[in-house]
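Next come two complexes built around chain A: one with chain B, the other with chain C.
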Partner chain A sequence: MANTMLEVHELTTKYVTRFREDVYAVDHVSLKVEEGRSLGIAGESGCGKSTLALSLMGYYFPPLHYMSGDIIIDGRNISGMNPDDVRKSILGREIAYIPQAAMNALNPTQKIIHFIEDVIQEHDMYVTKKDIYDRARKLFETVGLPAEVLEKYPVELSGGMKQRTVIAVSVLLLPKVLIADEPSSALDVTSQKMVIKMLKQLMEAGFISSMIFITHELPLLYNVTDDIMVMYAGQIVEKAAAQEAVFDPLHPYSKGLMGSIIVPEKGLRDVKLTAIPGVPPNLKKPPMGCRFAERCKLAKPECRVTSVPLRDAGNGRTYRCILSENELREAYAREASQNAK
Partner chain B sequence: MFRQSRDMAVHYLNVRCRVKGYWKYFLNKLGWFLITFVFAFLLNFILPRLMPGDPVAAIVSRLAQGMSNASGVQAIYQQYADLFGTNKPMLEQFFLYMRNVVHGDFGLSFSQYPRPVSEVLKASIGWTIALQFPAIIVGWLIGNTLGALAAYLKGSFDKILMPVSIFISNLPQFGMAVILLVVFAVNLKWFPTSGGYGFDLLPSFTWPFIWSVITHYQLPFWSIVLIAIGGQAIGMRSMAIYELNADYVKYSRFMGIKDRKIIGYVFRNAMLPQITGLALSIGTMVGGALVAEIIFSYPGLGTTLLNGVMGQDYPLISASTLIITVMVLTANFLLEILYGIIDPRIKAAQAD
Partner chain C sequence: MPSEKQICLSTSGLTKIYGFGAHRTVAVDHVDLKLYEGEVVSIVGESGSGKTTLAKMLLGLISSSEGEVYFQGIKRDISSQKKKQEYWKNIQAIFQDPFSSYNIFNKIDSVLLDCIHMRGGRNLPHAKKVEMMTEACSFVNLKFEELTNKYPFELSGGQMQRLMIARIFLLKPKILLADEPTSMIDACSRATILDMLMQLRKEIGMTVIFITHDIGLAYYVSDTVYIMEHGRFVEFGSADEVILQPKEPYTQRLINDVPKIYEEWDLSTV
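Our next item is the complex of A and B:
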C-alpha cells in the first residue's frame, strides 16, 4: 500500500466580496492522492478549480478565507497551523504550486538565480550562494534547461522557457505534492508538450511524489493523470480513474463535459459534439437541491429540493446524483439510440 | 583545435555585436542631444532679441537724466552700443556671442550694468538650487512613501489620501503659493512674505541671518513640496497597486517568501517609472521654480530671469535660458542612458 501524500477532508473555503457577501467556492471537498499518483481536476470556468488549488496550499490571504476541514500532507495536518509556520515549513517544501499564468510568475527585475536564492534562504538559512547555485544548476540540467537561464532575467526567456523555469523553481525543494493550475493553457502545442513531458519526468525521477493537475482540457487530463475529479459549482460531482471518467462518465455533468470535447481516439468521426445549455449557478446563493439540476436533462422535481450526497460506485469511484448507476446508464443508452435515429 | 578557435571567434563576434548595439544606441542618443542643443542655442539667442524696444536707449535715458546736450547723449548712446555690440549686424553678433559663450563669457548685463552676466547668475543660481533640490527630493520621498502605503494599507488611509492628493496636485503652482502666502504670511504672520532673507540684514554666518534665511525658506519650499507630494503619491499608488496584483506576487507567496521581501520586489518595480519622474524634475529644476520664486520674490534664477525680461536684458535672458536648456537636455540624456542599467527590460529592448 502506497503512502498517502495528500489527504483533504471536507475542506470548505470562501471568498468575501467587496460588499461583504460570502461565496463558497470550495464546498466540503474531500480527496486523496497517493505516492506516485496524479489527480486531474476538470470543470468549466468558475467551478472552483483554481480556488481549490489555492485552498489546498493551506496559506490564505484575502479575499480567500479558510472555513473548515483538514489538509493532511504526508500524515501532517496543516490546516490548524499558524500561517507563518505554514509559510516556512510547508510552502515550497511539502506542497508547491505552479500558477495559471506562469509566464508572468517571475519578478521581471530579478535574475532567476536571485529568486532561487530568496526561495531557498527562506527555508534554509545556512546555505551558501555557491551551494544554491550548484543545486539549481544540477536541477536545471536534469530537466533539460540550460544553466545559463539562471543568470538571465525573465524577459530574456521565451514563454515556454519561462514556464519550464517556473516549474523547475517550484520543485527545487522536492515537494511531496505539486499543484499545477493550468500550467500549459497559455502555450503553443509544442511548448505544451514539453511542459507535460517535464512534469511526467519530474514524477518519474522522484522530484515530486504526487501531483494535482488542473485544466479544462480533458484530453490532456486523460493523457497526464491517473485519476480525474470533476468539479461543479464548488463541489465534487464525480471522481474516477481517468479512463472511466472520460469514456464512461456517470454524472450528467461529466457526461455533458465529456460530450463537448474531442478525444482523439475511438472513431472520432462519428462523435457528435454537444454543449451543456446554461451557465453554472451563482455561488452567493447556491441552489437548495442538486446544483446541476437547472441544466440537467434528467432532472426530476425532487432534485431541486434535497441536497444530494456523494455515492460510492465501487473501485474508488464516486458520483453525486440521486439516480443509480443503472438508471443513469439506461438514460444515456436511450439518448444515444435517439441520436442515432 | 580548429573547432575551438572557431568557437572562440563566434563568441568574440557575439560579444562585439552586443557591445556595438549599445554603442549605436548611445551614439544615436548623443546625436539627438547635440541637434536639440544647437536648435535650443539658436532660439535662446534669437527670441530675446525679437522683443520690441531698444535696451541701450533705456540705459542711456537712465544715465542721461537731466542732460540737455543732445550730442552728449548721442555720444553716450554710441559708446554703450559699441560696448554691448548692439550696432553690429545680427549675424556678427551671433558669432561673437557664440565665441564668448565657448570661453565662458556671457557678456555684461544691461539691466544691472556694469555687472557681468556670469556674476549675476552665480549669485542667484545657488538660491534656486538650495530651494529646488531639497524640495524635489523631499516631495518625491514623501509622495512615494504615502502612495506606496496607500496601495498597501488600502482602506480609510487610501480613501482620505487619494482625494487630497488629487486636489493638491491639480492646484497650479501659483495658486498653492498664493494660498500659503495669504494664510501663513499675511493672516497668521508666522512667516515673512517675500525675499530670501530680511531686508535689514547683510549676508553673514551669524544666527540672526541664518534664522532669517530659514524662515524665508519655508513658504516657497512647501509650495513646491506639497504639489510634488500629490503628484508622486498618485503615480506611486497606481503603480504599486498594479504590481501588488501581479502574478509574481502570488507565486512568490506560495513559494514561502515572506511578505516583507515581496513588498521589496513590488516597490522596486513600482519605483522604476517614478525614478524617471525624479530625474526629469531634477533636470527642469531651474526652470521649475520660476513661479514660486517670483511670487515670494526669492532671489533665485527665476526672479533674475523675470528682471531680465522686464529690463530687456538679452545677455541675461539668453544665459539663464541656456542654463535651463542645458540642464533639461543633460538630465534627459543621462536618464535614457542610465535607465537601461536599472531596468533589464529596457536593456533587452535597446540591444535590438
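Our next item is the complex of A and C:
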C-alpha cells in the first residue's frame, strides 16, 4: 500500500464579504492523494476549485478564513497553523502551488538564477550559490529546459517557456504535493502539451510525490490524472477513476459536464452537445437540499428538502445523489434513446 | 453543393503589413477567401497567425495594405462613414471579450434599441419595439424585464455573450463574424452559446465565419475549415477532410497537440 501524501478531512473554509456575509466556498471536502498518484478537480467556474486549492495550502489570509477540518500532509497535520510558520516550513517544501498566471510571478529585473537563489535561501540559509546553480541546472536538464534559461531575464522567454520555468522553480525543494491550478489555460496547444509533458516527467523523476491538477477542460484532465473529482457549489459531487468519470459518469452534474466535451475526433459531429440549463446557486444562501436540484432533470420533490450525503459505489468511487446507481444508469439510457429518436 | 451557391464574400490578395523597415511585419499575406451563402466557415490558427487582423479587415475596422474585399461580387466601398454603416448592416461581429464589447455608458435597452433603429424601425410604436426586444431576449434565454435599466457590466460574461447574440437576432445580418466567441467562458456555457449561434443561423440563414484556435470547436460547427499559419492559408477544405485526414504538417501538429479522449494523446512529439 502506497503512502498517503495528502489527506483532507471535512475541510470547510469561507469567504467573508465586506458586508459581513459568509460564503462557504469549500464545504466539508474530504480527499486523499497517494504517493505517485494524481488527482484532477473539474467543475465550472465559480464552483470552488481554486478556493479548494488555496485552502489546501493552509495559508489563509482575509477574505478567506479557515473554519474546520484537518489537512494532513505525509502524517503531519497543518490545519490551524500560524500563517508565518506555514510560509516558512510548509509552502515549497511540503506543498507547492502553481497559479493560473504563474508566469507573471517572475521579477522582470532579475535573472532567473537570482530568483531561484532567493527561493532556496529563504528556506535553507546554509547553501552556497554553486550548489544552487548545480541543482537548478540538473533539474532544468531533467525536464528538457535549456540551461541557458538560468542566465536570462524573463522578457527574453516566451510565455510557454516562462510557465515551464516557474513550474521547475516551484519543485526545486522537492514538495510532496504539487497543486497546479489551470497551469496551461493561457497557453496555446503546443505549449500546453509541453507543460503537461513536463509535469509527467517531474512525477516520474521523483521531484514531486503527488499532484492535484485543476482545470475545466475535461479532455485534458482525462489525459493527465489518474482520478477525477467533480466539484459543484463547494461540494464534491463525484469522485472516480478518470476512465469511469469520463465514460460512465454517475452524478447528473458530471453527466452534464461530460456532455459538453469537444474533441477533434471522428463522431463528434454526430453527437449533440448538451448544456446544463441555469446557473450555480448563490453560496451566500445555499439551498437546503441537493445543491444541484434546481438544474437537475432527474430532481424529485424530496431532493430540495433533504441534504444528500456522499454515497459509496465501490472501488473508491463516491457520488452525491439520492438515486441509486441503477436508477441513474436507467435514466441516462432512457434519455439517450429519446435523443436517438 | 457549394459551387451552385452564390458567393457572399470574397477577397483577393488581401494583405496587411504592420510597421516598416526593421519592424515590418506581414500579419496577413495575400489571402484569397471565398465564402458561399449560408455556409459556416472556420479559420483556425495559433495565436499570432493573423486571424484577428484578417477579421478586422473583413469588417472594415482597419484598412488593408493590399488587395480587395468583394461583397456579393461587388467591390466593397467603405470610403465614408455612411457607406461603412450601410456595409455593417450586412456584416456583424461577436468578439472574444464580452466585457469590452459594450459601451459602458449605454443601458441594455439602448443597446437593443440601436439595433432596431439600424434596421429602419425608428418610427415603430414603442410597444412594438419592446415586443421585439423581449422576443430577442427570450431567444437567448434572458428575461428582458430583468435587464431593463441595467448596464452591461452588471451581467456575467456568459450573459453578455448571449446579449451579443440577441443583438445579432435583431440585426439579422447576412454575415456573422465570430472571433473566438467562447474562449472567455467555461466549457459548460460554451455548449449553450454554440447551440444558440447554430439555431440563429438556421433561423435567419446567415453565413458564419468562426475564428478560433480550438480545432475541436471548428470541427464541431463548420462546413469548411481554413488553417492559417503566419498570415497564410496552408490548408483548406471540408471539415471532415481537413480534420480527419490532414495533409499539411502544421495541421497535423495542431491536431496532435489537442488532448483527446478516444485516441491516445502522444506526449513524445513535443
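Structural remarks
Here, the second predicted complex is superposed on the first by the 333 of 341 C-alpha atoms of A that agree within 3 Å, B and C clash if a C-alpha of one lies under 4 Å from a C-alpha of the other, contacts with A are read in each partner's own complex, and residues count from 1 in each chain.
Everything that follows uses one rule, which is that a residue touches a chain if its C-beta (ideal position, glycine included) is under 8 Å from a C-beta of that chain, and two chains touch if they have at least 3 such contacts.
The shown structure was predicted, so the numbers you read here are calculated from the model rather than taken from an experiment.
In the superposed model, A:S260 makes contact with chain C only, not with chain B. In the superposition on chain A, A:K193 makes contact with chain C only, while chain B stays out of contact range. Of the two partner chains, chain B is the only one that A:V155 touches; chain C does not reach it. In the superposed model, A:Y222 makes contact with chain C only, not with chain B. When the shared chain is aligned, chain B comes close enough to touch A:A105, but chain C does not. By the touch criterion given at the top, residues 46-47, 141, 156, 186-192, 194-195, 213-220, 239-240, 243-244, 253-255, 257-263, 265, 267, 269-270 of chain C touch chain A in their complex. In the complex of the two chains, the chain A residues touching chain C come out as 44-45, 188-190, 192-194, 196-197, 200, 216-220, 222-223, 246, 256-257, 259-269, 273-277, 279. Every residue of chain B that touches chain A in the complex is listed here, in rising order: 246-248, 250-258, 261, 265, 268-269, 272, 343-345, 348.
Taken together, the chain A residues at the contact with chain B in this complex read 57, 59, 61, 87-88, 90-93, 96-97, 99-102, 104-110, 115, 118-119, 122-123, 153, 155-156, 166, 169-170.
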